[in-house]
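In the two assemblies presented below, chain A is common to both, partnered first by chain B and then by chain C.
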Partner chain A sequence: MSWLPCGVYHENYKQDHRWWQTKFVWGKMIFLFLFVYVLFPRFAGLYWIGVANIIGYTVLSALGVQLLIGYCGQITLGHAAFIAVGAYVCALSILMFHLPYVVSMIIAAFIAGLWSVLFGLPSAKVKGFYLIMTTMAAQFITVDFILTQYVSRIGGRGVAFSLPPGTIKIGPWVIDNDVEIYYLMVILVTLCTLALANLLRSRVGRAWIAIRDNDIAAEALGVNIVKYKLLAFFVAGVFGGVAGAFWVCNLAALSPEHFMWSWSLWLVGVILIGGVGSIHGVFFGSMFMVLVLEALKFAIAPLAPTFPQLQMKFLFLKEAAFGLAICLFLLYEPNGMAYRWWQIKNYFNLWPFSY
Partner chain B sequence: MVEKGDEVILKVENLYKTFGGVAALTGVSFEVKRGEIFSIIGPNGAGKTVTLNCINGLYKPDRGKIYLNGKDITRLSPHRRAALGLARTFQKIELFSGMTVLDNIRLGMHIHLKSGIFSGSVYVGKTAREEIEARRFIEEEIIDLLEIEHIRNKITGMLPYGLQKRVELARALALKPEVILLDEPMAGLNLEEVEDMVRFILDVNEEKRWQVTCILVEHDMGVVMDISDRVMVLNFGEKIAEGPPSEIQNHPEVIKAYLGEVEELYVTRR
Partner chain C sequence: MELFITTLVTGVMVGSIYALVALGWCLIYKCSGVLNLAMGELTLIGAYVCLSFYNWGVPFILALIFTMIIGIILGFLTERIFLRKLIGEPILTVIMVTVGLSFFFRGIVEFIWGTDTRVFSPPVFPLKPIVVGPVVIGQVYLWSFVAAIILLVAFVSFFKYTRWGLSMQACADDEMAALSLGVSAKFVYAMAWAIAFMAAGVGGTLLGNINGLNISVGYLGLLVLPAVVLGGLNSVPGAIVGGIIIGVLQNLSGAYLDQYFPGGVKEIAPFAFMVIILLFLPYGLWGWERIERV
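Right, the complex of A and B next:
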């Protein structure tokens, strides 16, 4: 193995199928691993760890959206519903059945996947705008109707479930503060990203991309389109369920308000900004959205004495910034940040002889 | 030269298809024998592509039966037919434009691979081995045969037209088909590319390794007359002639269909 791809000759197919083929990439990945697992939690303050947790949650949530929109071409505007199902199933199975957190998370992911398949069924017949309508139906039926009207009233609890501190634990590991949540988050993000990346380079993922690019040709080549669309909905739902089950540990109380339609929209915005059809895009988009908002908070802090409305109406400012960011990206970088990243990498591949 | 047997591999019986008031196919029947190159020709709008789409399953015929290897496939969906060994290329290129050439061809191997969502997401052991086997087959049998080594990692959407046609053939071959439907594989190619494509089709048809039965829809009469074993002529959805190329060239109905009432022999080489 050498440092740079230039002059590397593979002797068998296994070498060519490897993720990381040069020492440089290995070094980069090891550094990233160290940074995420060791350096960041040790040296970053609690504030930044909290921000990182939000980024991680956004990444976990957006992975499923990226799968559906970016890789399978099934536009969804109701992904928060599946995240909500994951969160509620996880919380309920801990509270009512006293199951361990990991088991609850697996059950939650599975049920969210099935729930997603249920609302993915129309994708067998409809495409594009009509599918958007059915996924929006998923949002309103699940969150605004079932969860708000029925589930949140179980046991006369009113509108919110709260998990007593200390109930969320994996074996002896109690997850009850931001640092613990951070570790759980990076483990989940690593696992989910690896799973999705592996899927995309095997048979199932190729079938999804084929459906996105050309469903007629895919069907003529032996891809059972309905089955693979539903599989995409299932896997996206599972990622959503994992995201929801993860977020339970960061919420003092679980209520339908955490999973409103705007969160679904937000996730679509994340992948639009990050780059549709790219796993890098999910990360770039999540970081961008969360960090820009944090920056916005800092930016308006000195203005607050003169314009108190800015801080009071921060929610609206946030939405406006979000809309503006999407507009600007669609205008000036329609392929998202991942494409720009790819261009930069390509530039340095050839640097300094770019011919 | 391989023996072209008498065994019927694909049989189409009395096919009818209408689109609204337009009768695209009216009672077309034919048999294709194992190992032959069977061409379907006819003027524009004669129903050639409709025939292929019916065989392939993209259109449901109004009436009629289609048998592959003696099995009735009329009611099967396209992907089930593909699993039975029926591959096709398209008239307008229908590649997966966002994928690399290699991934396009890998997708053609879809029905021969087994990994599901769980084994695929872990990607160790069986899945990794299966991918390597698939890769070996693609590299050694298909990419080598079709001479597309230099573009294997390129995104197909960025390739020139001639190469895209070739990748489409490669993708269809990855299915390891028994019958391949070629919908105008030479359309829009220059002379050199046509010669290459003809060579590939003959290779695929005759090499021991492949021996694929080809059903060819083509407007390039020179090619059709040179490589076909038998030719069927359609006109306005009706079959007007079928037979070896020499016979078709002199068939009065065919000449009439192509030229109107002119008496001269025009259906000949370019």
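Right, the complex of A and C next:
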């Protein structure tokens, strides 16, 4: 709740910075956790759990993009490259070095972060459109060249990168079906969101926001902008790496086609629809994109007998619908769904005297 | 040496097509400040429209003219429906609208024409290559070069000598002054998009003639981005020179670097060059250096 009810006063900074300040918010969050950890996996069918996994993957991937674009102002159109690096490093370290899954996920996140810093280096010198170009180059160089031509041929041509079932386990907990993946996803999403939200209310986060608002002014105020920009790239790469390492367990075989440029653009679209500069926005955007496209599938199903074309070419329809959704959102709701959510909340906060 | 000359000549010829598409891109940027990432899809649309006309039995030249007319209509529509409301919005918004448009256009192209490679049948240009001394050139390349040069000259003289072209120049130079002198900015933006659609359509058709037409032609259309970055974003001569240089670099790296880095070095080289250019020459060859104040 953005406004506190009457009669709640803060006496020190610690209280002022608390996340959940009222009983109502506590109740809401406890209900949310209960729903996500207990009720949903127990009562939802396997289909909806699969959909939830895709939403979770989108959230994990989009967190890094939100950090770069929404909080640090560095527009990136190549985030799928860092997710791909995370996925490949994780798979390689499991397959070749037989490391446990958690260790390889940490290594993957770290290497993806370093890879992201490498392509973030030009951000010290250029910004805006030119930075977009370098991140695009990162995408093409990493995925279309290095991964496609070299990395995916490790172990010989035609050998797919696939982890044998049962390899992905944390201690005794074997992750091999959708429900287990769901639990892993929920834990990772919770941890990453906590990490990002905490970073943003620290010195680092304030520096990022200063850079976003005006980098020259930030530099004049003593923020080391090169350091903080590269740090933003590193953290975003780490989130990407975690997302990639997570997605390994949902893929039968790893291939560069899962990390094409369109996935990078998709992620930027997700945060735009959700709302730039808002962690809520990542969740709203991911849910909107995944659920609306699922709904589109259901909407088309009754038309299928009369127009078989629609179902056969559903993939392309989905692409066009996504493009149109981005355009319409930017034209008619440029602040995203998070802003609408905020407005609705405030309306009910002040109801019935909203003036 | 022969390999070098052949590669160079082919590179210049392919580069002239890139130059044509880059000209359209640069025009939109100069006139309305929109950084257009949908250029690849504009080439796709033009190429597929032309292919449909041609395969229905319309003569090639006529098909090309029809494509240009449809390009003008689509350009006006796109500008009117999507871009006009975005004047003065932040850069990310504008870029993402063009990204949204690129998804939209690509989805529609794939929905209508499918993803299989299509060819112009019967071939538009004779298949027999032309031999000049040691150099062997496919006729497709030669005629594409000629067509691209004709169009480039036509566009450039349009800007220089016609009233509309002059109003576009005025608008690109100083929008406020142009508006106060009675130039209609809306018309100029619409013209810029129409010309971009036309140029991209012709470029896409020519590229589709070389290797057959499929979705990857849209990727070739993306090569205008390295070209305009090399030339400097707001310079029309820069776009033309940049396009040709990128074509040459691409072909040379395909011929010489491929033995060291087997695989797709040809597709990736322009982007790698672009990163290097950005590190050392961030405003390209003739771009305006922007001075920022807080």
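A few comments on the model shown:
Please note the rule applied: the second predicted complex is superposed on the first by the 349 of 355 C-alpha atoms of A that agree within 3 Å, B and C clash if a C-alpha of one lies under 4 Å from a C-alpha of the other, contacts with A are read in each partner's own complex, and residues count from 1 in each chain.
Definition applied: a contact is a pair of C-beta atoms (placed from the backbone, for glycine too) under 8 Å apart; a residue touches a chain by one contact, two chains touch by 3 or more.
What you see is a predicted model, and the numbers here were worked out from it, not measured in a lab.
Legend: residue contacts after superposition of the two complexes on their common chain; A:K318 is shown touching chain C, with no touch to chain B.
In the superposition on chain A, A:R201 makes contact with chain B only, not with chain C. Legend: residue contacts after superposition of the two complexes on their common chain; A:A220 is shown touching both chain B and chain C.
In the superposed pair of complexes, A:P122 makes contact with chain C only, with no contact to chain B. By the document's definition of touching, of the two partners only chain B reaches A:V235; chain C does not.
Looking at the shared chain after the overlay, A:A299 reaches neither chain B nor chain C. One of chain B and chain C touches more residues of chain A, and that partner is C.
Touch criterion not met for A:I344: it reaches neither chain B nor chain C. Contacts of A:T148 after superposition: chain C is touched, whereas chain B is not reached.
Applying the stated touch rule to the two superposed structures, the overlap between the chain B and chain C interfaces on chain A comprises residues 214, 216-217, 220. Chain C meets chain A in the complex at residues 35, 37, 82, 85-86, 89, 91-93, 95-97, 99-108, 110-111, 114, 225-226, 229, 233, 261-265, 267-268, 271-272, 274-275, 278-279, 282, 292-294. Of all residues in chain A, those touching chain C in their complex are 69, 75, 77, 122, 125-126, 128-130, 132-134, 136-137, 140-141, 144-145, 148-150, 214, 216-217, 220, 262, 265, 268-269, 272, 276, 313, 315-327, 330-331, 334. Those residues of chain A that touch chain B in the complex are listed here as 12-14, 16-17, 194-196, 198-199, 201-207, 209-210, 212-214, 216-225, 231, 234-235, 277. The part of chain B that touches chain A in the complex is made up of residues 56-58, 77-79, 82-83, 87-88, 90, 94-99, 103, 106-108, 110-111, 113-117, 119-123, 127-128, 131-132, 135-136, 139, 171-172, 175.
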